[in-house]
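Since the structure comes first, as structure tokens, the remarks are kept for the end.
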């Protein structure tokens, strides 16, 4: 199985369990129609997101990655989303170096009550990614993405995570 | 205060029925250090008829003036007339939509950015000059004069387009008039409609609506009404006789433009202030004040 | 591993726009899937039986259910697995209802998406390991935040259930909004007569500790073991000595002090007891108004206080309370109508709020229950009531219906007629919302027996007119404009979230909606729960409610706490972090990012290693993201588990 | 009053046209009547403004477009300012006038005539020429005595000039009208 050829692009969503996943549910309960591209991976907290998850998604062919958590100060774990913001800001800065258009990456805050807002976020981001089209393949790129990709493909996952030292905190 | 340059849009009535508003406004701005440069060869914004007939036509007529002003190296466009102001700002607001912007340029036949700040003279007076400044200028405060401030309906409506003062209880005029020694009475009809352009076509409507304003002003114990709108002023002043006739009332309330009173309080008199252009003569009222202005008149 | 996949129709909810059979068929192609089927209602009795049967027949060691959101049925199915003899964590859910069938019309796209979500679930499950919950003991005390009628009910029910209760109230007295009401609908019985005794019960119940004039400062810990710091604000009176005799208030010279309890109708003294039935009946000083505290001279109260209780030097004090559960009952506030310029924006003295009117009606109010105009103290004859002030109004960010205004307005017209027989009430309404027991009959009585004139339409402007007010409205049923001259205008102001509600939510780590009302666990099935274990809601803090509903929720929340405390130990969530010692380099990054201080650095064969305090870890996984070695991993959300999902979606 | 059969009276094309032209969604209107309550000209209307909105909501094109109300609206923006659902009611009234004009359903001829005279004055001179405007208006309506009482006053006060204030760029203004007509045709 893969994306519907021509119709969809590959968009991955990393959502925290308490706010944004709930917001996506609220949107569903409200029957707020959305584009079908997005595939959601549920995490306890955006603080659990290691930037390498996002990088891995891109290097493996994701056309867009959306991260969504609780509003600042509304985090179920008090401050997980602050750590996430810091890490993802660093990541955003690094994406161009890896030859990835930062517009393919978005992180936002949606609470469990904001079904409408979630719909808008999904519509906007999907449109944005479709505007950019499919991500170019990563066969020969900058030396950085070369070594990153080898690091990730060769080493077992947790070791690869080791490479993210700089991004971690 | 940094001396600001503004493109000035007088509006058609400024050349006709509200000459005194135009001239006293120019005088006032000069005194307060605004540099007004008329938008060269400006055209009528189409007023109510244009937007009542077609929004594209209305916007295109406005846009010609915007386009000319954009070549002028000014801080913004200002106009004394709320009706013109509404057309200017509404056009700018609607042109935020790219499709509409394109349509307008097509009809206008030239490029227009529609990005210059657009304000009423009243707004720049409050924001650039400031109440204190106006108070300082008033060497001959009009103490003893009791007025109601009449803003008219569209000076700050709709709020999200006009973005100035409170749409239900505006205070700009109140504050200015108080600053020049005038007693401003509380007035509930501040923003009620006078009947506007229906004056010619449906006199009955204006008689009723402007009648209410005159009645309320009299009931409040005002010696005069102060306006910031040519159309309001015309309906209340020039048509006051018509209204009295229609309603069996006997009002003789002078209807000033605020700019006239500011100049009066600044000890300025004569042609530019154009008190003699008011249909309901204010002179007996002014002389009764016994203030130096009064004596100067009598 | 043998994996079974069950794709739910949920009647037509999913099947309507997803080909569940095709999804099941696709699932058969996924690694280690030995059984896949579609099923009508996976959560139903036969549905669950089908899962158990399949587990036995196909020797499954893991199950994926593709149906609704895990927030709905994850626990249901985990129990099913346990009944089938599997570990409850050898289970994954694919949310193909809220995230697929309900948000997309295109059946082909939905089916494809659903199949992919199932694929992620399978790949995740392949990485799952059996987890077993530990146990921890709980502190069977409960804190109730908010002493309105909901909080009072919850406190009394918990105390009667044998629990130790700590009741925290922001104001000097408990009683909340209800204590300000004169009468209650639809029975028109006296508010303080029915609430008063309950308030007394609170003060007399040995199981209840009462902190009034107090606010929650901080909340630490988790279900079973919360640690709450409460700020007891200075009353400048030693309440252990104060007898509530009221001598101080009688002698206090600053008589022009704004009267909060009376909604600022009339004034009070700087030192006062807010109202006769106040609990606790203790005096407190308003520091902003007290001459001694502002100017350093006076002290009249000190001279007259027989108990010598006045203490100008008193300071705020922080009290720490250990509790196992918290009930939030912080209520609501009233909409600030000054946002409506067309209603005078607060400039007209005789345009008042419905709550101010209650105080005018109340025998214990500033006018001893005589209706008098604030401006001149005259008795009004023509009174206009305007409904939906701050309700159902998008333009000022209050699109919701406050629910109770229709009812209290009807009540107020009835009381008005009782107080002033020759008066006439007019009510401008948009719709009448009276869906309670005996409610609509009550509205009818207001019109039929008490002659209140209801006008269907909104009011556009209120303008002063010769000492009275001109109300310019519309009668939409006739399509004409209405002008009424009235002596008094009462605005039926709507409800909004209590001031500071978001800040408190952040301390409690519960979520709130865009208006500041707290989010319940599930709109239908978990009305008094929150998504934070051990924290419950009661009353209007969750959304506008009338008295009966608030009382019902108070009781409901109490029963939830009693249920929680019925066990001596709680099962701990095994989805927590653990350290692989060989990999840990003792850099303490994990410790520095842990929001809960759940990580301590320990010595292991002479080397520093991180170790997780199981009972403290809340399972956010922040440490796992921070660890440069991948040494500390959050169970059930390990790097490998998440990357398995990513790889499944992004194959090359 | 004869019964209106909703299924037949609902003109979907009209409803969507109003929505498109005004950029306002009348589904948001819950008929509180606030627009009517504050409308200064309501006393002169055949349909109060909330009923005009209702006619649009229910797709009753003919009644809406042939009403007098849409012409009498003074564009004072009170309704727009106070609508609890943030509907720009005045703009909808404008759009209805535009449509009525296109459909040749003009209920208030004098107003229609005044606007035409006004605009043709603008088209002719670039700015409004009051005397010319009045003359043309009187010509169109035959209302010989319109404001006859005002003219002398205005003249004495030097507020009416006998010669039009025409501008150099009048050709540009005429082109605007020309291109606008082409664009609309």
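As written, the chain order gives the labels A, B, C and D, with residue 1 at the start of each chain.
Rule of thumb we're sticking to: a contact is a pair of C-beta atoms (placed from the backbone, for glycine too) under 8 Å apart; a residue touches a chain by one contact, two chains touch by 3 or more.
Since this is a predicted model, take the numbers as computed values, not measurements.
Contacts with chain B and chain C are shared by D.
Counting C-beta pairs in contact across A-C and across C-D gives the higher total for A-C.
Distance between chain A and chain C, defined via averaged C-alpha coordinates, is recorded as 32 Å.
A straight line joining the Cα centres of chain A and chain B is 55 Å long. If each chain is reduced to the centroid of its CA atoms, chain C and chain D end up 50 Å from each other. Chain centres here are Cα means. That of chain B falls 23 Å from that of chain D. Residue positions of chain D touching 2 or more other chains, listed in rising order: 43, 78. Shared interface positions of chain A, defined as residues touching 2 or more other chains, are absent.
Residue positions 167-168 of chain B are each in touch with at least two other chains.
The list of touching chain pairs reads A-C, B-C, B-D, C-D. Touching chain D in their complex are the following residues of chain B: 12, 15-19, 41-44, 46-57, 60-61, 64, 86, 103, 106-109, 153-154, 157-159, 167-168, 191-193, 195-202, 204-205, 208-209, 238-239, 241-242, 276-277, 279. The part of chain C that touches chain A in the complex is made up of residues 26, 69-71, 95, 97-100, 102-106, 108-110, 112-113, 115-117, 119-120, 502, 505-506, 509, 511-514, 519, 523, 531-532, 575, 583, 589, 592-593, 595-596, 618-622, 624-630, 633-634, 637, 639-640, 642-643, 645-647, 649-652. Of all the residues in chain C, the ones that touch chain D in their complex are 342, 388, 392-396, 430, 456-461, 472-476, 479-482. Within the complex formed with chain C, the chain D residues making contact are 28, 30-34, 36-39, 42-43, 47-48, 50-51, 78, 82-86. Across the interface of their complex, chain C is touched by residues 1-4, 7-8, 10, 12, 18-19, 21-22, 24-25, 27-29, 31-34, 36, 39-45, 47-50, 53, 56-57, 60-62, 70, 73-80, 83, 87, 111-114, 119, 156-159, 161-162, 164-165, 168-169 of chain A.
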